[in-house]
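By written order: A, B and C. Residues from 1 in each chain.
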Amino acid sequence: MLVYILKRLLYVTPVVIGVSIICFLLVHIAPGDPLSAILPADATQELVEQMRAAYGFDRPLPVQYALWFWKVVHGDLGTSIATGRSVATEVMRAVSNTLILATVATVIGFTFGAFFGFVAGYFRDRWLDKVASLISVLGVSVPHYWLGMVLVIIFSANLNWLPPTGAGPDGSVAWRPDLEHLRYIILPAITMSVIPMGVISRTVRALVADILGQEFVQGLRAKGLREFGVFRHVVTNAAPTALAVMGLQLGYLLGGSILIETVFSWPGSGFLLNAAIFQRDLPLLQGTILVLALFFVALNLAVDVVQTAVDPRIKRT
Amino acid sequence: MAVTIDLSRDAPIAPPPYPPTGAEEGRAARGYWAGVGRRVVRDPVALAAALVIIVIVFAAILAPWLGLADPYRGSMLRRLRPIADAVYRLGSDELGRDMLSRLVYGGRLSLLMGVLPVVFAFSAGSAIGIVAGFVGGWVNTAIMRTVDVFYAFPSVLLAIALSGALGAGIFNAIVSLTIVFTPPIARVAESVTTQIRTRDYVEAARVSGAGPLAIIRVHVLGNVLGPIFVYATSLISVSLILASGLSFLGLGSKPPEPEWGLMLNTLRTAIYVQPLVAALPGAMIFITSIAFNLLSDGLRSAMEVR
Amino acid sequence: MEALGERAHAAQSSPSPLVGEGRGGGSGSCGTAVPPLPTPTPDPSPQGGGEKRGPAQPLLSVRSLVKHFGGRRSFSGRSIRGAVHAVDGVSFDVAKGQTLGIVGESGCGKSTLARLIMQIIPADAGEFLFDGEVVGTHALDLVAYRREVQMVFQDSYASLNPRLTVEETVAFAPRVHGLSRRAAIARAHDLIFRVGLDPKRFAARYPHELSGGQRQRVNIARALALQPRLVILDEAVSALDKSVEAQVLNLLIDLKSEFGLTYVFISHDLNVVRFMSDRVLVMYLGKVVELGPSEVLLGAPRHPYTMALLASMPSMDPDRRTTEAPLFGDPPSPIDPPSGCRFHTRCKFAAPVCAATEPVLAEIGPAHRAACFLAMPGSGHPQAGPIA
């Protein structure tokens, strides 16, 4: 098992390097001079040259990349142009907020998704299946930013039960798990959970239908096992793949949270990304994308390893 | 004489008059896609979805000839009118422009930004994946690992990162979405091609002395493009939502163009005044996306039946 | 040739129902000439026989063929450990117009051998001679060789492209070699007819609209499309129902005399091999253990493995029951074959010499060879006779 983990780590290393190259290059495919965001338009040529040397833009690209990579490996992601603070601290704070939101959303999505999926799989092709499948298709097809707006319209503007934006009272920048902050997470989490719910529901339905059609289930019933016992067998067979999908969905939510965080002004990494783009804050943009991508890669790796550990059919060499 | 058993299904019959008359008699050469099409038409859900899409697409194409109001002309006096207003059938937006007209015209841009990237990604991804799958070996490894690097980004993040870097605009949005969708299609293409490459009939074709191009054209393409195409159609709804999402963030189309995502953005502040009107563009995205998903599901079930 | 034809018909009284009549127009022409392939060498005449080197020259000669799969090089790079010894030094000849049957259990290397002969996979060592010419040289390059040798696969469904109609499948190879579409389709229709299917009904069908036996006939038609001289049949009838199998076997025999073909017939079913073959080659773990005329080999085998195989065939006669298993143990892994004679771990007659040295394939009778110390007089085996 340990050998497998090491092999996977080795396999993932070139991917990580590739990811870092892309993150680095993103800044350089942007049209316009990167310096134009930092300096006013009427800066003197001398100042421009000074800043260029200071940021290292005058070196050849591969050298810039090597320097940047060296700094990243030591945890230095640069300084935000807009706020002047360290990118690393900003990103980590924001990512923790998003992590909380994404985790809650994934749990909600997985619970409902698994439920609908089981119902659909067990009652295959009957009306319950059609209803549950319809709900899954709706979940997968909904533009989640629009759904957020609709929920805000219903629950904030009309009913005034829940706050429309923010992570806490008085625009607090971090979310704490206490009663005051609870109201703030409900709408964003529900909105975020819809797509994972749809995906997991469809996956579970396919899994359950497939397992129930296998001969060993007939064998179990023939030997007299009660339905609940059969159900437990189905669950243990479906669990590895379902959990793997859940893990991947968590990754997608982490990386793709920008739309919902914009709607709800949730102070997470997506919101930070939005700000970085519009302020042309390139170090912040670079750092945020890198961290999010690496999180995603790590999550994929973890899902892979857990699945291999749990599923006895996969060879461990 | 030994007892002969007549197994007429396999028994040869009296020789036909020569030269052979070709394939006119006997069942007509049923194309594979004709069979698929027939099965889709018989599926009520998929059929309804297809009709919805056809209506939306035709409305978008024929918009200038449908007798609609000018989607760009606003009126400061008649802003944010509700649905079923005397003048505006579906209300008016924050600049007094007719919502019905803007929704229909908006379909043009939204559909374009949603469908074109998938079309381009299908071409590029299939080419890459089929080559990688057919050639195999280290070429395959090199290509697929490069693809894996892009796969390491969640799609939304990659789309926004690329759009953010390239700048706003419809063209840039289409470019970045194409880049986002090419890796998954390439992966599917490579996987399917690798499976087909090891089939006996491909070996038999190799054994008859055919060159790789002939084998790909005759034996591989026909069997491989079908599954890739179905996968690509399932990506259209995602692309639609992402493209509109980019516009929603201000990274796609720019005002005053009518486009569903952009309209959602500009109408956000209006949710307290005219919530129903503000929600309309998103509803359009929702409906179109559902329709594409249902159609794609229907296609997949139609293709699974052998 | 005539003697073989007689033998085939005589064997028809064995327990297989068949539809012999109804082959109607059967052999040869029905009038219109089918356009030939544009070839530099003249078409072989339907009577077969040797063009280049005369009828005595074996059509196919295989010498010391070796194929190992996988394995890792040792640290010094000198030896490969853990390789699967699929084919390990196989040599035999196939005479023109003959059928050579190859038998063996799963994993003995017969399918690998078929693919080596077809040059689908490259051999690690060894030589092929087709009609006296070395394959791969200027006199007989790979493309020309491919025209002469074709193969029929086991899985009738997987060997047909589900997107092509029957006529398109059969016409593909001629088209690749330059025939026009009309001519290729005409040739395809002719072949479809000759394998016993009505072109009017079957030419435009898709594989999923055919039964197993019909599909295999299409596979045979496809194999014949380039007018090969040697056809390799790799378990071609193993997946068919018994009644259909009988029809296809009779079809193969008829086609052989009609087109002057030579067959290499690979199977695990000894009854079928007895029916079809003139000579039989028995393989075990990548090596040839016995080779000889089919009546001699199957009637009075000399190698213990062949004896065991024959003893394992259940008999319809209740008086001839098998009370003890003719073979014990599992076949050893081809990754690490036993030392000396590879069969000695399961052989009833094993002696110390068998584990020590590997027996060579030696003549033990007229055109009959075996690789066994028991069969070789003076070999050191206690039960072998002295040198006469």
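Criterion: a contact is a pair of C-beta atoms (placed from the backbone, for glycine too) under 8 Å apart; a residue touches a chain by one contact, two chains touch by 3 or more.
These numbers were taken from a predicted model, which means no experiment stands behind them.
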| item | value |
| --- | --- |
| Chains touching both chain A and chain B, listed by label | none |
| Middle chain, criterion being Cα centroid separation | B |
| Most distant chain from chain C, judged by the mean position of its C-alpha atoms | A |
| Chain A-chain B separation of Cα centroids, rounded to whole Å | 25 |
| Inter-chain centre distance, chain B versus chain C - centres from mean C-alpha coordinates, in Å | 49 |
| Chain A-chain C separation of Cα centroids, rounded to whole Å | 58 |
| Residue numbers on chain B that touch chain C, as the complex places them | 2-7, 9-16, 18-23, 25-30, 32, 199-201, 203-211, 214, 218-219, 222-223, 306 |
| Touching residues on chain C, where the partner in the complex is chain B | 12-13, 17-25, 30-32, 118, 120, 143, 146-147, 150-151, 153, 155, 158-165, 167, 169, 172-173, 176-177, 185-186, 189-190, 193, 196-206, 208-209, 211, 213-214, 219, 222, 225-226, 243-244, 247 |
| Chain B - residues contacting chain A, complex | 145-146, 148-150, 152-157, 160-162, 164-167, 237, 241, 244-245, 248-251, 264, 268, 271-272, 275, 278-279, 281-283, 285-286, 289-290, 292-294, 297 |
| Complex contacts: residues of chain A adjacent to chain B | 14-16, 18-19, 22-23, 26-27, 29-31, 137-138, 140-147, 149-150, 152-153, 157-158, 251-252, 254-256, 258-259, 262, 273-274, 276-278, 285, 289, 292-293, 296-297, 300 |
